[in-house]
Amino acid sequence: MNADLRTRLGGCELPNPVVTAAGCAGAGRELAQFLDIASIGAVTTKSVMLEPHAGRPAPRMAETPSGMLSTTGMQGPGVDVFLQRDLPWLLSRGGRAIVSIAGTGAGEFGELARRVSAADGVSAVEVNLSCPDPSDPAGRRFADDPVRAAAVVRTVRSHTRSGLPVLAKLAADVPDVVELAAACVEARADGLSMVNTVRGMAVDTRTLRPAVAGGMGGLSGPAIRPLAVGCVYRVHEALPDVPLIGMGGVRTGADALEFMAAGARAVAVGTTNFSDPSACARVLRELTELLDARGVARAADVVGAAHRTGPGA
Amino acid sequence: MSDNGPVQARCPVLNVRRVDAYYAITVVAPGIAERFRSGQFVSVAVGGDHSSTLLRRPFAIHDVKPDYGGTVEFLFSVRGTGTAWLSERRSRDLLDVVGPLGRPFPLPRDPVNCVLVGGGSGSAPLFPLAQSLRRRGCRVDFVLGAASADRVFSAITARRIAETAVFTTDDGSFGTRGRVTDVLGRVIEDCRSDAVYACGPMPMLRTVTAVADAHGVPVQVAVEETMACGTGICMTCVIPVVGEDGITRMVRSCVDGPVFRGEQVRFDDVGTIPFDALGAPGWKGSSAVRAAESARDIA
Amino acid sequence: MNADLRTRLGGCELPNPVVTAAGCAGAGRELAQFLDIASIGAVTTKSVMLEPHAGRPAPRMAETPSGMLSTTGMQGPGVDVFLQRDLPWLLSRGGRAIVSIAGTGAGEFGELARRVSAADGVSAVEVNLSCPDPSDPAGRRFADDPVRAAAVVRTVRSHTRSGLPVLAKLAADVPDVVELAAACVEARADGLSMVNTVRGMAVDTRTLRPAVAGGMGGLSGPAIRPLAVGCVYRVHEALPDVPLIGMGGVRTGADALEFMAAGARAVAVGTTNFSDPSACARVLRELTELLDARGVARAADVVGAAHRTGPGA
Amino acid sequence: MSDNGPVQARCPVLNVRRVDAYYAITVVAPGIAERFRSGQFVSVAVGGDHSSTLLRRPFAIHDVKPDYGGTVEFLFSVRGTGTAWLSERRSRDLLDVVGPLGRPFPLPRDPVNCVLVGGGSGSAPLFPLAQSLRRRGCRVDFVLGAASADRVFSAITARRIAETAVFTTDDGSFGTRGRVTDVLGRVIEDCRSDAVYACGPMPMLRTVTAVADAHGVPVQVAVEETMACGTGICMTCVIPVVGEDGITRMVRSCVDGPVFRGEQVRFDDVGTIPFDALGAPGWKGSSAVRAAESARDIA
C-alpha cells in the first residue's frame, strides 16, 4: 500500500508534502545534481528582492549544537534576473516553485508580487515577514508587529493574481505567534509557513569576538525544532482550517511526521540540505515508509493528529 | 542526477595514516575518483547520525588512485571536533562523502614552467596538480611552507615530483626560516616560472598574488573559506571577486571557486561588502549590468 | 599562574563564577555526592513557592536534539520546609545559596522574599519571572509584560533586607528582552539571571501524541545556547554595569567563557548537571584552564570582551 | 564525595555480548561494583562527547563480579538511538557510567520463600536479587515472561538458581502462552511464597501487585520511569506513592525508588496528580503534615 501524499495549500496542489525551505536550496539547480527536483513537493526559492543585493559581510555562519547561525542578508540577483534565469530553469525540469519575496515595505512587496504573478508556472508566493521594516524606529521586522505584517500580506494579496496562493512566512521569536498568524489570515493569507530562523548569537572562544559578522544571526537546524513544532501546534489549534507549512530542523521522515501531527500539511527542509544534499528525497522516502507502516491511506489523515486526544497514548 | 557534477556516497574507509602532524584518510569512492580534477575538494559528514555537529567538513583531494574502482585521499590536521572525530576513524568505517566539489585549477595548454606554493595543509591539492602538469610536460617547482617541520607537507614526494622544492618554516626547524613569500620571488626568477599556483590561508594568498604580480606572472589561488554547504546553496562562503567585466560580485567560493585568478580576488576587502560590489548598499547598476546578469550562468 | 576568579553580583561576592541553575541541582544535596558543593560559586536552589506543590503530571520530559523539554511545574515542599530542611543542609556544607522564589502574584513574591530574608546565610534572592500570572487573562508569564515583571521585582526588593541582592530571572522568548531587563533594573533588581527555558514542544512519533503532558514544555540545554548568548550580549550592551548571570546550555568551560565574553559575570550550569553530575566542578576547572592559557589575571577582565571590538579578530 | 553514594567513572568496556534479543555489556567499574546492592541501576552516557542525545540511559545492574577489581554487567534491547549506539560499543571503549543508583530491594531477615516476577528486560535486576536471597537461605522461584521466546531473559540461569522457574510468552513460543500474571497465583500457592519481587512495565506491576494482594503476600516492585537525571535533581520521574503516614506524595522513582512496596504505588493514578496528593491543586495540608515534611529526609 502507498499512502496518497497529495497536499493542498490554498489553491495549489502539490504531489507530496516535502518542500525545500527558502534560502536553503537556491532555486533548485544545485540540488538537482543530487536528486530529481520534480519528485519533491516544491522548491521554495531564496527570498528575492526587487534589486540585486550583495548581502552581509563574512563570516556569515557558525556551527552551534545541533544547529547553525547564519546571516546571509538576502544576497541575490534581484527579481528580474530571478524570473528570467532561475525560475525558468526550475520549471523546465518539472519542478514546482514557491517563490519567496522580501521587500523593504508594503509597496516593494506589492511590486514583487505583481511581477511574480505575471510569470507563468509559479505554484505559490511566500511573503518573508522577517525582513527588517525600515520605517520602524527600533529596526524591528514586519513579523514583530501583527499590524504591519498584516499590511504587507494584504498588499501582496491584492497584487497577486487570484488563484495563486499567498503564504505568509512567520517568525517564532515574536510576542505571540498565534496573534501574528491570525492577523495574516485576516489579511487573506492562504496559508502560513512557519518558522523562520530564531535570532541568536555565538562568540568564538578563540578570538572572543562574535562568531558571525554583526553579532546576531539566525539559528536554524534541529536545535530549534521544538520551538517550531510548538508554534505549528499552537497555530493549528487556533486556526485548524489554515494550511500550514512546518519547518525548523527537519532531518528525517520522523521529523516531518512530527510537524504533520502538530498540524502542518506540508513540511520544508532547510539546513539539512546543507549537510545532506539529497535530504529532501530521503525525507520523502522515510515519511512514506512511516505512513505506510502505520497503514495511513492519505497523508492528510495524520495532519493535526497530536491534537486529537490528550497526551500519552 | 548529472554525469559530471558531484556525487554523494557512503564510502568505506580504506585506511587512516598518520603523516607527521597530519592524518591521511583514503576512502573507496569510484564516482568521485572518476570525476576528479585537481583543485577540487570533498565534503565529509562528521560525528555520525546523531551528532550535534551538523555541517560537513571540506577537504582538498590529495590523491586519487584506480584501486578498488577508485579511491580518494585527503589529509588534515586535527583542529576541532570534526577533525578529531575523523582522526578516530578506522578501516571499514563508512564515511558520507560528497564530491568532487568546486572549480578545478585551469591547466596551461602549453608545457610552461609552473611554481606551486602551499602553506601547511593548503599544500594538499598541489600534489595532484603537480602530476597533471607533469603529464602535460610542464616543469613543476614547489615552495612549501608551514609553522614547523612536522607541518611541512609531503616534502619527499614534493622533491620526487618537482624539478626543485624549497621549504620554509616559521621556526626554522626545516628549510629556510620564514614564509613561502620570502623565497617565492627568487624561485620565480631562478626557475623562469610562467605561472604560479597557490593554496593556503588568505593572507598568504594575498602576498603570493602580490609577488607574482610584481614578477608579471599569472597566479591561480585556491581559497579556504568557511563553508556550510559546499554545494552553492547557502551563500555563507562568499568573497568579493572582480569579474572579467570589471564588476565586483560576492561570489561563492565553493562553486565559483575555490580556485580563482589571484588578481580577481579583492583580498583587502575579504570580510566586507565593498561599496562598489554588485548589490552593495547604495549600489545602482546600469541596465546593461542588469541585462548581463540574467545571461550569466549560475552554476 | 591562576586567574583571580572572584565575582561580584550586586552586594554579594562569590569565590568563582560557576553556579548551578535553578531547578537543576535541587538544593545541592544530591550533587554533593559527586563534587564538593563548597567549591563552586553558589547553588541556585529550585524555585520555591509558599505552599507545597505537586507539580505537573507525567510524562514530564522528552529528549530533543542537543536539548530536552521539561514541565515539572514547580514541584516542591513549600518555603517553610525549604528553610528548615534544605537550606541549612547546604549552608552546613559550606555552600553558598542563591534562593529562587516563585509566586502567583506580587503579594506572594513579597511574602517569600520576607521569609527568605529572615533566614541566615543566603547569598542572593532570584525572582523567577517565568511563573504564570494568574491575573493575566491570557495566562501569560510575568516576564511577558515588563510592567508586571517590574512590579514583582519592586515588591521583592522592598521585602528583602538591604544588602541581600535581588536577581531577576528573565525569559528569552519575550517581545524584547532588553526592555524587560531595563524594567527590572529600574525596579531595583541588583542583577539579572538569563535565560530560563524557552517554550517548545515535541510530538512522540510512535504515539503521535505530545511527548510531555500538557503539550508545551520548556526547552533547555546546548540547543538554546545561541538564544541565551544573544540575550546576554544585547542586555550587556544596553546595561553594561548590571551584573548578569548567563545560562542556557553551558556544557564546558569554553561555553562558560562564551557567556562571559558576551557580558555575563557568572555562569549557571543547568541541564548539564543531569547528564554529568560533576559538571559544575569540571566547567570551573576547564574555565580556569582557559583563562590561564590566555594569561587572564582576573576572570572579570573577560566579561564583555566580545563587545570591545568588531567581529573577526 | 560520599562513601556509599553513587560514583561517576569512565569505565573500560570488558565485553559486549549478544544474548538472544538482548545485548549484555560488562564494564570495569570497581567503585560501582563494591557499592552495589540488588535492585540498583546505572546510568550511562550515550553518543560520545559531541552527541546530540544529552541524557543518560538507565539500566538495571544484572551482575557484578570481582574480576579486574570489580565489574558490572547490564543487559538491554535496542530501542532507540541510545541503545543502538551502546550495541555498537567494543572491548576497551570507555563508557561514562554513574552508579549504583536508587534504593535496592529490601531483603527479608528470615529464610522465607520468594517468587521473582520479571517481564522482558525487566527481569535483569532479579538475578542478583536471587543470588542474595539464596545466600540468606531463602527459597527462590522465578516467573519470567516476555513477548516471545528470544525475549525471555536468561532462562537457563533462572532454572539453575531457582527451585522452580515458570516461563510465559505472549505468542506461546516458549513456556505458557499468556502473561506472567496469569500463572503467578498458582506459583504463589504451589511454592507457598511469602514474598513477591517484581520488575517490568507499569501495567504488569499493577497486576502483580493485585495478585499478590489477593494472596495476602507482600510485594516489592521496581519501576522503569523515564528519567532525565537518575540522581534526584530534575523531578521528571515522579509517580504517586502513598507514604507510611497515608499521605500521597509525588516521589522520584530514581532516588526514592525504583523499588517500592507494591501497595504503596497508586498505579491507577500514574500519569496524573491525584487530587489528594501533597501539594496538588487545591490541596490544604494540616499543620501536622507540614511539620512532618520538614523532618522527612530528602535523600
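Note that the chains are named A, B, C and D in the order they appear, and that numbering of residues resets to 1 at the start of each chain.
By definition in this document, a residue touches a chain if its C-beta (ideal position, glycine included) is under 8 Å from a C-beta of that chain, and two chains touch if they have at least 3 such contacts.
The structure presented is a predicted model; accordingly, all values stated were derived computationally and were not measured.
One of B-C, A-B or A-D repeats the interface of C-D: more than half of the contact pairs, counted by residue number, are shared by A-B.
Most remote chain with respect to subunit C, judged by CA-atom centres, is B. Comparing chain pairs A-D and A-B, the larger number of C-beta contacts belongs to A-B. The distance from the centre of subunit A to the centre of subunit D, with each centre set as the mean of the Cα atoms, comes to 46 Å. Once the centre of each chain is set as its mean CA position, subunit A and subunit C turn out to be 34 Å apart. Centre to centre, using the average C-alpha position, subunit B and subunit D are separated by 57 Å. Along subunit D, residues 52-53, 271 each make contact with two or more other chains. Counting partner chains per residue, subunit C shows two or more touched chains at residues 59, 65-67, 213, 221-222, 312.
The touch graph of these protein chains is complete, with an edge between every pair of chains.
The touching residues of subunit A, when paired with subunit B in their complex, are 23-27, 29-36, 46, 51-61, 63, 65-68, 70, 72, 75-78, 80-81, 84-86, 89, 213, 221-222, 271-278.
By the touch rule above, subunit B contacts subunit C in their complex via residues 52, 271.
Contact residues on subunit A toward subunit D in their complex (touch as defined above): 65-66, 222, 312.
On the subunit A side of its complex with subunit C, the touching residues are 59, 64-67, 69, 144, 173-175, 198-205, 207-217, 219, 221-227, 229-230, 233-234, 249, 251, 254, 257-258, 261-262, 290, 302, 305-306, 309-313. By the touch criterion given at the top, residues 1-2, 5-8, 45, 52-56, 96, 98, 225-226, 228-229, 231-239, 249-250, 255, 270-273, 277-281, 283, 285, 290, 293-296, 298-299 of subunit D touch subunit C in their complex.
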